[in-house]
Amino acid sequence: MTYNIEVAHPDPATSRSAYRAHAREWLRANLPSSMRADSVDYKTPSLNECRDWEEAMYRAGLAGMTWPKEYGGYGLTLREHLAVNKEIGALMMPESVGSVGKELAGPIIMAVGTEEQKQEFLPKILAMKNYWCQGFSEPEAGSDLVRLRTRAVEENGNWRINGQKIWTSGAMKADYCLLLTRTGTVADKHKGLLMFAVPMNTHGIRVVPIKSIDGKESFAEVFFDDVVVPDSARLGKPDEGWSAAIRVLSIERATNRMYRPWRFEAELKMLVAAFKSDPELAKLLEDGYYQRRIGQIATEIDGLKGLIEQAVDQMAGGAPIGARGSLNKLFWSETHQAFATFAYEMVSQIKPTASAEALRAKKHFTTAYLFARAESIYAGVSEVQLDIIAQRILNLPKDL
Amino acid sequence: MSDDSLRPEDFAEAAGAAITDAEGKSFAEKTAVLAENGLFGVIVAEEQGGLGLDLSFGIPIVAVAGKLQLRYPLVEQMLVASALAGEDIGAAIVGGEKTAAIAWQGSLEEGYATHATFVADADYVLVASGEGAALLDRASGEVQEDPSLDPDYPQYTLKLEGAATVATLSAEAFAKLKFKAKVLYGAFAAGAGEGAMDRAASHMAGRVQFGRPLSAKQAVRHTMARMKLLTETSYAGLQRAIAQDEFGAARDVDTAFAGAIGNSCFIIEKAIHLHGGMGFTWELPLHCSLRDVRKIDAAFNTGGVVKSIGKAFIAAA
Amino acid sequence: MTYNIEVAHPDPATSRSAYRAHAREWLRANLPSSMRADSVDYKTPSLNECRDWEEAMYRAGLAGMTWPKEYGGYGLTLREHLAVNKEIGALMMPESVGSVGKELAGPIIMAVGTEEQKQEFLPKILAMKNYWCQGFSEPEAGSDLVRLRTRAVEENGNWRINGQKIWTSGAMKADYCLLLTRTGTVADKHKGLLMFAVPMNTHGIRVVPIKSIDGKESFAEVFFDDVVVPDSARLGKPDEGWSAAIRVLSIERATNRMYRPWRFEAELKMLVAAFKSDPELAKLLEDGYYQRRIGQIATEIDGLKGLIEQAVDQMAGGAPIGARGSLNKLFWSETHQAFATFAYEMVSQIKPTASAEALRAKKHFTTAYLFARAESIYAGVSEVQLDIIAQRILNLPKDL
Amino acid sequence: MSDDSLRPEDFAEAAGAAITDAEGKSFAEKTAVLAENGLFGVIVAEEQGGLGLDLSFGIPIVAVAGKLQLRYPLVEQMLVASALAGEDIGAAIVGGEKTAAIAWQGSLEEGYATHATFVADADYVLVASGEGAALLDRASGEVQEDPSLDPDYPQYTLKLEGAATVATLSAEAFAKLKFKAKVLYGAFAAGAGEGAMDRAASHMAGRVQFGRPLSAKQAVRHTMARMKLLTETSYAGLQRAIAQDEFGAARDVDTAFAGAIGNSCFIIEKAIHLHGGMGFTWELPLHCSLRDVRKIDAAFNTGGVVKSIGKAFIAAA
């Protein structure tokens, strides 16, 4: 597949609509129907197909909008980032395969990396030359990093790393791991945490895929047995890397996947259109129950759009983002999970004689229902988000 | 009043002071205080005696009224003043010489109108008529009260036989008024919910059980966090509804309105629950907010609004 | 109003249906339509009207079924109690005005009272000669009795009582207060709690009604200023009365108001019938949203019936009741509160031109919606019920 | 087997041992083990080779299968054995010589049937036909699998052109079978939910965060308490549905069935959530229960059942 990447990038200053119009036009003209989940031609894209598509998006000015030009970005603002995300959301395109690099590793390297590291890593992330995976969670340490055990010990200017990570998404395809370790012992609690950019082909790394509920192997356990990396793989000083990561994570939680409500809306449209495409199924849409549920979901989608647009306005105005990423994540995961269950209930009644669109929707939303079980879990379980809101936004006393 | 440096929060603060000042006063005295502070003319142009602000300023101002539990037809006054700006009656309303209520269901043609509040004290009542609306002399119609939801500020039904029309609104003007009504009532509801949330938070912080404040209990903290989430969502949704998108297109207000009303009911009901027995009494004023928001809910039939949002989405998909 | 109380009480041994059939027949024949909330003739009954009705029910064998004959009861079993409750539930009759006596004071006196106290109090409770109110809660002590402050000090064979109670329902009409005090100080925590049967006309008692959300004055604060009662007013020894009360409360939570799901069903029928009575409103019932919600509510009602019938079977089989009353209370209060909100939403659309039945329903369910706000609060807030289930039924470790 | 002293729990315990024994075995071996322990004939009369128990015994037995995540058409075998008791095929099913699946939607007349599981291994498939049903030779029809919900135990669609009928059920017999199916599938779902609840409870008790087991957290404890409440409600509702009322009248099963399915989905989904990332993996078997209960849910269209309950209530009120 070749894409039209020889396209002029608009100057956002020309008009408020310029960047969104560009994104809309380019995406609609270029996204192959085989990569649109709402198309009857849909075929699960390969890693390379996803890679090529994402690289083309980047070349077309639709990724790296807010990154500095010297590292391959376009030096624009969150407003263009949002405008592009709205159009990304509106099309049922594949999830990004480079998101760990773009949303997590990149910003952290930007915050604490050396100039060499920035030059080395950042442009390749945007150009989809390198995939990253995230090595934070461990079997015994989720949100509670006090129990983190993976250890990095300095040896003759190198670091020897031993330990185990889990829930490492994309580890099978990753070129680098953004790895969190500790330099001391568990008794040090939150002290001595150190981050690395570890090449995944380093000797001693073993990746064991975890089959997830939707049948895919998108997560893995990663074992580090006497993995030795040079000091140049270190991101920041002990504690510095992780405290930067915490700042970055809190910003990222508010700014990543901004397309969510627009994608959510595209999914609801796909569901409804599938039912409209079949005369028998279309009758269901005359039932007040489905009308009202769809109305409720549309209400939630608009609420989520509001939260995200407000966050961009406030951040563009220089306001600290604080913990408000938790609001977006919580609202999205709860409403979307409920939507997935509702959509599943609808498609579970689709018969094999139904229209091709309906059968496509049945397959899509059955998987979506299963996958949505994880939405209240990953990127901070709902209870953690609620605790963050209670503590950092409402300033309620801490739970014991 | 086109100074860009004035922020909505500043107006909200000033409005809050006026509303606090009006508290406990008679209807006529409240009218005087609120008029004096310009609140009826918030969204009326300066050349027509108003403050010349747009709805994005109206939202926090009305929200403060919800938060402070103002029991007065402020939204109705703002709406009718805005719809009749430039006419004598509009000016009289901005100035507080006249007051108007609105009956949200029924019509002049049906001969009755319902779901109006504050009718007994108002000079006028706005009622649907044809595709537009008619402002009626309140004294020319027969008024019945239904106190079952709120004995203090009941819902009213009006029999409209022989009612005297003093002004009319075109279909377009009435549609605009209804759009603004959903924005401002949504803001009132969001403010009422926020006030209930704040009350619950301070009650929970002060109430000790088994040696710790109740607000340290996870069940309480999570409920409070949900209240906060929904409050933020309501405000963000309302501000979004009145803003144009990147292409300059106007947005619909129904989802933001329905969201704000639903969120507010949830929050106030939960706040009552968190107050325990105290939440259930007449003294603690949470029930006032519940009644006020439920009156808006009934007037606009929020459930029906949600259904119509669904039907519209289905039709467009 | 006079009722036909000269009626033969059936022997439950004759047939499984005998008692329920008797209850059904008598209640339907005798309940005046002015006391049926679903009747267009309904008029809020006076205290005396309620009293007379409840006395007649008792005379007809429909109250005191499980109390011993020597104290005015009928010496029957929980099965007859349940059978009668099903028929009480099926009619929209007024809530009992003697429930504190019948459900709380009576059983506690039966457990710890002297023979004289039993003879004195129990028959009068059933015969509606005495009303009781409950004096447990205090402004600073709800579920947490450690903070209970009302104090009883022994003085020359009498007891001098000082303190304040709150949420005392029916205090304005009560002849006696079932009063919980402490003999020592707050430092004694759970020790030294002592119960009394205090005549409400004793010098030093002041009742201040609390207006509740539904506009009624069904609760009150009760102040005790140097109230002196004889030792004969004492119910059990210090600690004995309250530990008996805890046992009784746990049984009562499982056995009182067993009519709830049947009443719940009667309310749902009333709501639906009101809408069916008006051609315009009847259209709403063709909306799939209302059909499905009503189906869901009917499902919950049957689940609650199942929980209660199972509890009766198990208790009749001699099984300890444990904490299962919390299951019933929680399930009822949450589903009924949600129903009340749903019903309110329906009736809030009823216009003044609607049928008389519809207007009656509008009034009834508007008040019911407001009153239902208390259902998750009184008799143990939902969170307390959840904690009880977690701790006593699931044996999870205690929350801090 | 009419000894009154034997309690349902005893049978459930024995069934549990047999099911545990069958775990990990092939379809044919499972069939042999379950047949040997009499499980296919639980609700078949003794004189027809069954255990002669009533449905109140069937509930805890099938619930154990749900709890232990038996992935085998036990309910289908029990149902067809019971419906064809006294016939050769019924006896063959009780004895485990033959096996039957059931397709819950579609019909012989429509030419296809859907929402069947375990079809690939079964000798027969029961399909609606006219007012009753037909037991078909599975090999005589064309079978398509739909693995989207469950790749291991997919849902099947059958094309029925030229399918060979080996036995038929009258309308009455099919109605009885469907009643029993809702009871037993409800019990299976309740058991699956209970198993998920138990797994979550032990996971939470063993998982320490910030120095305390997660099960000490109020949010966790309250979720667990709701699971327990709904589990009890499901069982109580099912037992109630099969018992006569005081007047000897039979009850409908739909509310108990819909309640059990809805409760079970809630419980399993929450149990997955409480397991965090682990709940989302293929290794932890919670997802098996979710798929199994969702297959029942889809086969009977629980949402549609709830709607029909509502319509019936409205018609009767």
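For reference, chains read A, B, C and D in written order, and residue numbers begin at 1 within each chain.
The criterion applied here is as follows: a contact is a pair of C-beta atoms (placed from the backbone, for glycine too) under 8 Å apart; a residue touches a chain by one contact, two chains touch by 3 or more.
Because the structure is predicted, anything quoted here is derived from the model rather than measured.
Following the contact convention of this document, C, D is the list of chains adjacent to both chain A and chain B.
Between C-D and A-D, more C-beta contact pairs are found at C-D. Chain centres were defined as the mean of their Cα atoms; on that basis the chain farthest from chain C turns out to be A. Measuring from the averaged C-alpha position of chain B to that of chain C gives a distance of 38 Å. Once the centre of each chain is set as its mean CA position, chain B and chain D turn out to be 52 Å apart.
Looking at chain B, one finds that residues 212, 217-220, 222, 303, 307 touch two or more other chains.
Multi-chain contact residues of chain C (touching two or more other chains): 288-292, 383, 386, 399-400. Chain contact topology: the protein chains form a complete graph, every chain touching every other one.
Contact residues on chain A toward chain B in their complex (touch as defined above): 16-17, 19-21, 83, 86, 268-269, 272-273, 276, 285, 288, 290-296, 298-307, 309-310, 324, 327, 330-331, 383, 385-387, 389-391, 393-394, 396-400. Residues 137, 142-144, 146, 166-167, 210-213, 215, 219, 289, 341, 344-345, 348-349, 351-353, 362-363, 366-367, 370, 373-374, 376-378, 381-383, 386, 399-400 of chain A are the ones that touch chain D when the two sit in their complex. Contact residues of chain B toward chain A in the complex are 201, 204-205, 212-213, 215-218, 220-222, 224-226, 228-229, 232-241, 243, 246-248, 255-256, 258-259, 262, 303, 305-311, 313-314, 317.
Note for the complex: chain C touches chain A at residues 287-292, 400.
On chain B, the positions that touch chain D within their shared complex are 217-219, 222.
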